[in-house]
Amino acid sequence: MTAQIPSAPLVMEARGLVKRYGQVTAMDGADFELRPGEILAVIGDNGAGKSSLIKALSGAVVPDEGQIFLDGKLVHFRSPIDARKEGIETVYQDLAVAPAMTIAENLFLGREILRPDPFSRFFRVLDKKKMHDEAVRHMQGLQFAIKSMSQPVETLSGGQRQGVAVARSAAFARHVVIMDEPTAALGVREGNMVLDLIRKVRDSGLPVILISHNMPHVFEIADRIHVHRQGKRAAVLNPKNISMADTVAVMTGALSPEALSADMLA
Amino acid sequence: MTAQIPSAPLVMEARGLVKRYGQVTAMDGADFELRPGEILAVIGDNGAGKSSLIKALSGAVVPDEGQIFLDGKLVHFRSPIDARKEGIETVYQDLAVAPAMTIAENLFLGREILRPDPFSRFFRVLDKKKMHDEAVRHMQGLQFAIKSMSQPVETLSGGQRQGVAVARSAAFARHVVIMDEPTAALGVREGNMVLDLIRKVRDSGLPVILISHNMPHVFEIADRIHVHRQGKRAAVLNPKNISMADTVAVMTGALSPEALSADMLA
Amino acid sequence: QSSQPVIGLITKTDTNPFFVKMKEGAQKEATRLGAKLLTAAGKTDGDNAGQVAAIENMVAAGAKTIMITASDSKAIVPAIAKARAAGVMVIALDTPTEPASAVDALFATDNYNAGLLIGQWAKKAMGNKKAVIAAMDYNPGQPVGVLRHNGFLAGFGVKGITPTMLTQVDTSVVCSQNSFGDQAKGQTAMENCLQKNPDINLVYTINEPAAAGAYQALKAAGKEKDVLIVSVDGGCAGVRNVEAGVIGATSQQYPLKMAAMGVTAGVNYAKTGKKVSGYTDTGVNLITNKPVSGVKSQDGKYGLANCWGQ
Amino acid sequence: MTSPPISEKGRMGFRAPSLTTLGPLIALLLACIFFATQSDRFLTSQTLSLVLSQISFVAVIAIGQTLVILTAGIDLSCGFIMALGSIVMTKFAVDYGVPPFLAILCGLAVTTAIGALNGLLITRLRLPPFIATLGMLGIVQAITLIYSNSQTVSGLPNTLNFLGSTFKILGTPFTYGAVLMLLLFGVAWFFLTRTAPGRHVYAVGNNPEAARLSGIPTTKLLISVYAIAGLLYGIAALILVGRVGAGDPNAGQTENLESITAVVLGGTSLFGGRGNVLGTLLGAVIVGVFRVGLTLAGVNSIYQVLVTGILIILAVATDQFSRRKA
Amino acid sequence: MTSPPISEKGRMGFRAPSLTTLGPLIALLLACIFFATQSDRFLTSQTLSLVLSQISFVAVIAIGQTLVILTAGIDLSCGFIMALGSIVMTKFAVDYGVPPFLAILCGLAVTTAIGALNGLLITRLRLPPFIATLGMLGIVQAITLIYSNSQTVSGLPNTLNFLGSTFKILGTPFTYGAVLMLLLFGVAWFFLTRTAPGRHVYAVGNNPEAARLSGIPTTKLLISVYAIAGLLYGIAALILVGRVGAGDPNAGQTENLESITAVVLGGTSLFGGRGNVLGTLLGAVIVGVFRVGLTLAGVNSIYQVLVTGILIILAVATDQFSRRKA
């Protein structure tokens, strides 16, 4: 195990997470540590259990075993609502958007902007104009060429849809941002925009968990790299002191983490 | 226009394709040329109209205007069945799998293996065992760590699902293979497997159209690069003579194709 | 054209042959007298709201006389009152309203009486054999079913029967099932009753399709000879079943007559402004080929000559 | 054949969503023109009043049904819940001498509770809505008939009849029940399009997983939807009582099919998440216009069934054509 | 609450697919044990024979309904198509003197054609299946009643009655109709699980867009499915005729709800693409067992409605619990 005791308190920590689906064990005693204000990349083969891990961290899946700590306190997320209440925002790999609803509605789903008057607060009347304007603002940050915020999401191209999910998480996080392959469907320009956005989030003080298969992106942006292999954490690497080739070797199992020098670990 | 008259006859050619969705013009007079035995990369911003273009080429969308030629003959694809009959196989960006059905069934959907006896041929009885074995063979080529071919696709991870779609297209193509971001959700190892597969397909003599946002992949494998911009072809580049940075500049519009030297074009 | 009297006929449903015949009778009479007939029906038996809407629509269409077989004899009353207030003469057919005074006139047979007759006949026909009775009833809540069922029991000599409530006082009724007034469902109900108690020897059925279904079940069990079936309606198919020995006795009613009388009254009202009033019993006759003493009956020939059908 | 838009599950390839109520409106207009040629009594304010008051209770049920269907559910028990509601209200007032207003509240409470029970079965026991409400259909029907002893409750105090009474606009009487129905459509439209919970109803039907992941309390929302639907069935019961002037234990037999028909005619998808409650109003009006129009045209009742079937198909076909052109 | 599996649209959060028929089977066993304690006549081969022959025609309709529902459709017209089929067969044979065998073929041809017409309306005019078959319901019912003049057709030649006749197994008579029904389930099971077009039925219901893109001729497939369903309704008509011994214009009024109930009880999803035709058989048997069992237990018919409602809910709840544990 390469888990180390960091000096700063951990923002999120998980110990021994297990999740089984019938025959398949998606997580097999996974550990996890997230430090304050860092960008932690999570990498691993397809089916390694990365999405399962972050689903457990965001309350979308309740693990069969193991514990999750937030700021050192044991938490039990029974649903995504619990995690959201703690200010944890997530971009899921399968995007979790309502295709028939508009971009603006999807951005604000579950936390709509209400009109301020008492009647509206009581009946939870939407401030459509404000939602529209805010949506324009958030999406402009990403410079996607989207015509109208009142377009249903199902009319968007694959990358544009991903942009909506990313903008949503960045706009509302107060504690931790989790992104499961946010740049997978993005073009070069749009992918860079998202990297910029992630940096901006980090600079505002929030830690970011970034799952990605794009090694150049990972090395460009990550402070530490969590390598996931066969349902558990194989190592945590320091991108400043290890090459991309070695990282990939660890990830695929060609290189054993024990063979790495101490400064390569993080 | 940078379209050139190639010496070898074109396998696929499109002229002036237009497709409008209400207000949005997804294709705005797009041209397209595919040469025999080449790997043609199609790149472009999100929403540039790449998927719309290949949907027109594969019969999934009927363009409002324009013509498509296959081996120099004008064709009118009214449905994907027409294109399939011509031996054109496609991996769609949104994968087009039936999630409740098994991997083996999805691989053979629409061209199941039947038992050879006359009764079975008449009633189109499946050869389940052969389908299973063939599925194992095809998927092994990609080395995805999938336990069972009789697992429903909905239980697979994002990347594993993409593997199923890729394996399907490679297994059945006889004329042209079209892949819309086949490596988007794939890990490093799996992504390289797919690149190998694409090379193998090319080496067997079939031309491949590859849509990708992954520039290293594109430069690693493409013979020519079709740059799509705002619904039409902006340029066709020769990856041997142009840098990745210039390519991205052309793609994003920072560099005008006219400013390129002739050897950069293809 | 506008002087042509418009007469409306609202039946419970369109599916029951009883009402189909009623409509035919009305149409024939209307054609003969040069009146225009409007027809409407509830979607199912018990569809009071549909009948209320039909009354309104017929008033809007200019009907001056409306004949109705009420699905719900109480709930229809306010709608009838509104129509009458608009100057429409309303005649209840087959089923009386509650109160009966809610309509101008009633042309009907007494369903309770129809049940009574077959009950009395069955009592005599059974002699001193101990009756083990199965009842093939109608949808719970439909008054016709209750009236016939209770009439039958009263006629059979069971004490304490009231006309309005489905009474389960008599233990000799070993099985009481909903036949939906339908042949296939009556057959199913009878099969299950036989499985419950194979000693059943008397079957009361709400109508003749149910009786045919019950007979089919008995025949399959090889019991058709030992079991007596009684029914109500007197349709041609039913009377033929009486002739064939399938049904022991049936109470015959006269829907064609009711409808024809209604149309005549309607045309009269349009011409002279004179309404009909009161209760006209169009009569019930017990049809059987095995008459018993003390119960007045007609034979199958009479039944066929007066049946409502081809 | 044009291609369907980029679609999750591509469902729209077979049933395009109605985002407008234009299609049903065209169908309605065509039907009106047709009936106007058949009877000179058709194009009168009287007909309008008749249609509105005849559809009033089914239309109110259909509002509840719209909410349920938007969540990708279905409610087969709606009609019998209404019947039970009508019996509770009237029996409490007439037989037990409860003050009419209180009796109405009791009726509404019962129907709301049964609706909530539907929601509980669907969310907590995870029953498919079809099964949960089918089971409830039998239970509620039996309770209604047993409780009422299959007897109509009449002799109602005026308060209970109120919604059946009329007021005149330009000489034509309209019922208060019809007005209440129109009002409820307005409220439902406002709720569904202008409030957060209303949008959540769409989200849950469109992609329940996304709704859950977005932090929408889907279980609570679904239970509320079925409970509100129950409340609406109770209001429908009150309108029915006012219209008929009695509590009717045999009501409600056809209302499930009729209400679903109104919803689907109005362009709401049975797969949830797509639709419009004003379309439902149009759907209900179309059916009502068919009924009045065919009677005015003097069509024999059995042929009315035939023609209504044809007209329903034509109405939606018109809708599809108008959409394909757009 | 466990999380639903990775799911397109996450539909399974609310309605888990039945990939086994275990759940309904447990429910059936529990019901049988219960009824056995209520009546010592329940656990006899006679009861089995009764259940099988009573459900035979609804079960055959439910096979067609299963096919339709697997494609994410629904068929409301099934019962009336059967009724029309029974009238055509019997009238042709009795009134027009057509040879019985030919009369049967005519009946089957008519029901198949109407089924195909449903399919055409759904695919060519793009009507939602609910609307197309609802319209067809009215049309077919009216035609049946007009054509038959609402009169039962009796006096049938033996050939038409054949499926109602019985043979004995260990002294208990079983009808040929019940055997045919079981046979058809076997054929349907083979078709759906072992043949290419059978799998395409699932694919079209599961993801119509993927099916289309995979080169499955979805339009042709859907039309065939509705036509085959029509053929099955025709066969159901023949079984009905054999059972009742007459052509019955009033048949079919409850069969749409009953057949859908059997399908859903059997674990097939109304959203298409997931299910099992043997589950449908179990669903139909469960309903049949309830009916016989409750009669044997001497339950009053109105209480039967109540208890059946409760049992349906319990049956599926058992199913859900058994699945959650697995």
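Letters are used for the chains, namely A, B, C, D and E, taken in the order the chains are written, and counting of residues starts over at 1 for each.
Heads up, the rule we're going with is that a contact is a pair of C-beta atoms (placed from the backbone, for glycine too) under 8 Å apart; a residue touches a chain by one contact, two chains touch by 3 or more.
None of these values were measured; they are calculated from a predicted model.
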By CA centroid distance, what chain is farthest from chain E?
A
If you tally C-beta pairs in contact for every chain pair, which pair wins? Let me know.
D-E
In terms of CA centroid distance, which chain is the most far removed from chain D?
B
State, to the nearest whole Å, the distance from the C-alpha centre of chain B to the C-alpha centre of chain D.
48
Could you state the distance in Å from the CA-based centre of chain A to that of chain C?
72
Please report how many Å separate the Cα centroid of chain D from that of chain E, as a whole number.
28
As a quick test, compute the distance in whole Å between the mean CA positions of chain B and chain E.
43
The positions of chain B in contact with two or more other chains are 21, 60, 79, 94, 155-157
Mind pulling the chain C residues that touch 2 or more other chains?
14, 140
For chain E, which residues are shared contacts with two or more other chains?
5-8, 145, 207, 209-210, 212, 302, 305
Residue ranges of chain E in contact with chain D within the complex:
4, 7-11, 13-16, 72, 74, 76, 121-123, 125-128, 130-132, 134-143, 145-146, 207-210, 212, 218, 257, 260-261, 264-265, 269-271, 302-303, 305-306, 308-313, 316-317, 320, 324
Chain B - residues contacting chain A, complex:
21, 23-24, 43-48, 51, 93-94, 144-148, 155-160, 163, 181, 184-191, 213-216, 248, 251-252
Applying the document's contact rule, which stretches of chain B touch chain E when the two form their complex?
60, 79-81, 84, 90, 92, 95-101, 105, 109-112, 114, 123-126, 128, 154-157
Within the complex, chain A is touched by chain D residues 5-8, 17, 194-197, 199-200, 202-203, 206-207, 209-217, 273-274
Chain C-facing residues of chain E, complex:
39, 41, 46-47, 50, 54, 57, 145, 149-152, 154, 164, 166, 173, 240, 243-246, 248-251, 253-254, 291-292, 295-296, 298, 300-302, 304-305
